[in-house]
């Protein structure tokens, strides 16, 4: 696939309705931008984003922590069971040209951090905020977006720029 | 994708013409069986098999040792840069419901062994033979096939049986 | 070794003198508590902590991102070259019964997050602060310590409790 | 540790008495050569080799497939729980300057193959034989040894040569 690969990371648990709609809108926008959606392949944000990508006619890839393809959510097209446990978080991120982080727990935070460590741009929607010494960082390394459409537009733009810079 | 995932493993170097034709025929047969072709994403057997799968209208997945998507051969649809080096051999195998091994060097031998260790069926075409104490094993753990069509038919059949047994 | 394994995580770059002294004091206290010191094996906080552990008569383990044992700092006793790149961050954390995080950049943040995801206790010394929605979390998942001795005492205590709870 | 790291690979199941004595003798010789013994940390050949290394006053490292340190055999000094499943086979091998393979099943075969792929010398004691086209390879890539003392002497020698060549 020639489009960029955009990873969507976020919590795997059952979502409040508003977050589910956001994740679906992110997935749909990724598909409509002609990008491949990569994720951890499980439920919650991952499942909602894949459902949205399918509604938009896109392709979805799930990089699973366990060994069974059957643990993928039903909207994953290409399921990669790794058997690596949460060490697969690094693979989700490496596979992406940019990351959209939506809410999420510690696993999501690790993916944000691994992406930033690897120089992969991260766009955040209502997600972790990073600080030092009692306040936020002087420059936020996560690009904040106000809504799903804007988040994906930024991610696609940053993916193109990051690629060109290599 | 609902079809089985068949990994095609073999050497990454330039191939003699007969092996290249075999690998292409394997890839084409995988696609025509409705299966997803998984491989290590590089050249040689991997590239020829992906080319064949495309000729048969199939989907190809490349699980790469390095960190750059650009190292995938041009017939890989979904390229997963892992950055794991040859530790990614275990992931190629885990991702498959059955493996077809074609010729190959030590990397291919490791993939055959990792598949057998994980209980994933392996069909061999002109590939490694395993022995102990100066002779072949009493029962060959690799199912031998005489030609590409037969190799893929066996792999698809074994993939279905292995799945049903879980 | 029967003592707990304490991971010390932090930045790999050259350290300000105060942080270097803190990291050395952490390493020394880990050794004096009879614990094995685990780290990423490189420079900066990792090297200073290993130096301190040696001064305290302890054993140090370095889980390296690259493939060459020679990239370990000179105070690593057991060097494990993984070739996994930053995916090795998950291994540093999994190897530990508790983690002490000292300052650090995005790699350190990923290790804090991976530990918290895996339920491994994290003690922080002047390190990342985590927030949501413009403020810190209501309950800080990182146990804050005011000085190296206190950080290690807390980590050893939490390691014992976490083990007993399994 | 400044000595070379020698990996001892072989089956994890209960051993016939003769193989257990061989594995113990290999471990003891590794220790007496001043080398660090690396293994997969479980039972069978791994446990017997670690027991032998302890009898010889050596240090043992176990790189475990699971997440719990407790799965290590009682003669492992430094236990690294990876949670990577059999993908950890690649790490056992990468960690070594040379490999001694003793009998073993498919996991051992994968470690032999991964070592050969990575250019790490392998000495075999009554282990897998590799062939192509109905016969053994024209040149055996595994250096065969007739007894444990000779196997370890060869491995230490090859480790020194391989290191010097880098």
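The first chain written gets the first letter, and so on, giving A, B, C and D; residue counts start at 1 in each chain.
Simple rule for what comes next: contacts are C-beta pairs under 8 Å (C-beta built on N, C-alpha and C of every residue); 3 or more make two chains touch, one makes a residue touch a chain.
Just so we're clear, the structure is a prediction, and the values are computed from it rather than from any experiment.
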**Request:** Could you tell me which chain lies farthest from chain B when each chain's centre is the average position of its Cα atoms?
**Result:** C
**Message:** Per the definition at the top, count C-beta pairs in contact and tell me whether A-B or B-D has more.
**Reply:** B-D
**Asked** What is the distance, in whole Å, between the centres of chain A and chain D, each centre taken as the mean of its C-alpha atoms?
**Response** 40
**Prompt:** Roughly how many whole angstrom separate the Cα centroids of chain B and chain D?
**Reply:** 28
**Message:** At least two partner chains per residue is the criterion; list those residues in chain C.
**Reply:** 67, 83-85, 87, 90-91, 94
**Item:** Parts of chain B lying in touch with chain D, wherever the complex brings them together
**Value:** 84-87, 89-91, 94, 105-107, 109-110, 112-114, 116-118, 126-134, 136, 141
**Fill in**
Residue set of chain A touching chain D in the complex reads 67, 83-85, 87
**Prompt:** Where on chain B does chain A make contact in their complex?
**Reply:** 1, 5, 36, 59, 61, 63, 67-69, 77-78, 80-84, 90-91, 94-95, 166
